[in-house]
């Protein structure tokens, strides 16, 4: 009965299809990238807090910081890609790719000890890939 | 081959399961609520921009504002629920429910004219429900 | 010559004066509250990272979490108060006051050891006061 | 008596001085840049809403979008600069400079008609300058 439990997916793709004036951007690549950015931001927020709960928190300082940086940058990227402003998004996608790569690399170091870092590394790399895909589009 | 295209769902539930020290919160209700908040925030960002593109934008001012308010509050709620800080989340869930209800009601007024408002109204209401569910949990 | 170094204050009050359609809110109380929320959010972000750098980071976990929660909620509150949407802000101000009080109380416990916590406690309490002031206004 | 009314400035510089482990970044340039980013984000949020209130809102669509983009990117930049994570900030500063320049240029077009756009253009340009200053620092 709970709509939220039965339908866990995001509605980004459906929403992007209803947008009245896409400015020529490849709709599907962008929808996928926006979703990946939201997912990565959400994942990094949880990974940062999970790292903070670990006994050896002092060894995870860099991971927590890169998680939080990645969460903020992915969120901003998702928001900017959701808007039809012309031109601002290229530099931001480059920054987002860099943040996802760095966070993914750091999380990968801890993947064998912490399941949250293992998942987070995968999500960060998928997001970086998705941003590269969007950046490679003609517009 | 693109991981981001094949696996569109969020990783919140998987991440919450790996968190080393849940402070007694009902994990599943919270994971569902966090996902609903991210989805609602993402949806409202797109709805605001879609409204801004409509020819009759001057009639959608309230809708744009409530979309943006809802996006900000849902995002903050998702972030706070992702952390194991004790006590801060009840008031915020109440604020989030109020924001989702108001945005959902306003979007519902435009649902017959704008598909983005129709979807957004549904997503807002599902998110309000999900927040109410989380708020009703014992901890 | 650097404009940014010579003029460190925020421009919120000046901006609020130029807004074409204030919806009857007491402009000055809101401008002060918006500035206090931005300041508190900025301060809490730095306090969280400073705590994370401390040798005894494991004793500062609650402080880091409350800092990050407060930063997110203050930011959302500032954004919502900056918009002329009707009605959404009361519940959010209540949540913001609660977050500021909790963060301020936690930081106050560490004030004698960490200067960043001492300053942050003061800023959080000033922000809570400013939000209470705004909440007490007729509209 | 209201602390928030008597002390409107931000506490970023004071906080940065108390941070226990600066990773070699030029403290003052970064503090100035973090403040400029928060100020610009705050200003752009109000400018977007003020534009939305203008009678000729349909002519201000691009301005509203660039304001919101700039607000999101400046906020993320301020958050990332507030943390001592190594390496993520250069690409983001580049994106922030681009966003501030574009928003400043668009707002400047409307400066003679709308005081909020005039102030916002100045704040955006000061923020771009401040980011360039930080980017030019040795570390």
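Think of it as A, B, C and D in the order they're written, each chain with its own count starting at 1.
What we mean here is this: a contact is a pair of C-beta atoms (placed from the backbone, for glycine too) under 8 Å apart; a residue touches a chain by one contact, two chains touch by 3 or more.
Predicted, not measured: the structure shown is a model, and the values here were computed from it.
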At the largest C-alpha centroid distance from chain A we find chain C
Ranking B-D and A-D by C-beta pairs in contact puts on top A-D
Taking each chain's centre as the mean position of its Cα atoms, how many Å separate chain A from chain D?
-> 23
Could you state the distance in Å from the CA-based centre of chain C to that of chain D?
-> 17
Express in whole angstrom the distance between the two chain centres, defined as the mean CA positions of chain B and chain D.
-> 26
Mind pulling the residue numbers of chain D that touch at least two other chains?
-> 49, 53, 65, 68, 75, 79, 83-84
Report the residues of chain B in contact with chain A in the complex, numbered from low to high.
-> 2-5, 7-16, 18-21, 32-36, 38-39, 41-43, 45-47, 49-50, 53-54, 75, 78-79, 82-84, 114-116, 119-120, 122-123, 125-127, 129-130, 133
Listed in rising order, chain D residues that touch chain B in their complex are 49, 52-53, 57-58, 61, 64-65, 68
Which bits of chain D are touching chain A when the two form their complex?
-> 62, 65-66, 68-70, 72-73, 75-76, 79-80, 83-88, 91-92, 94-95, 98-99, 102
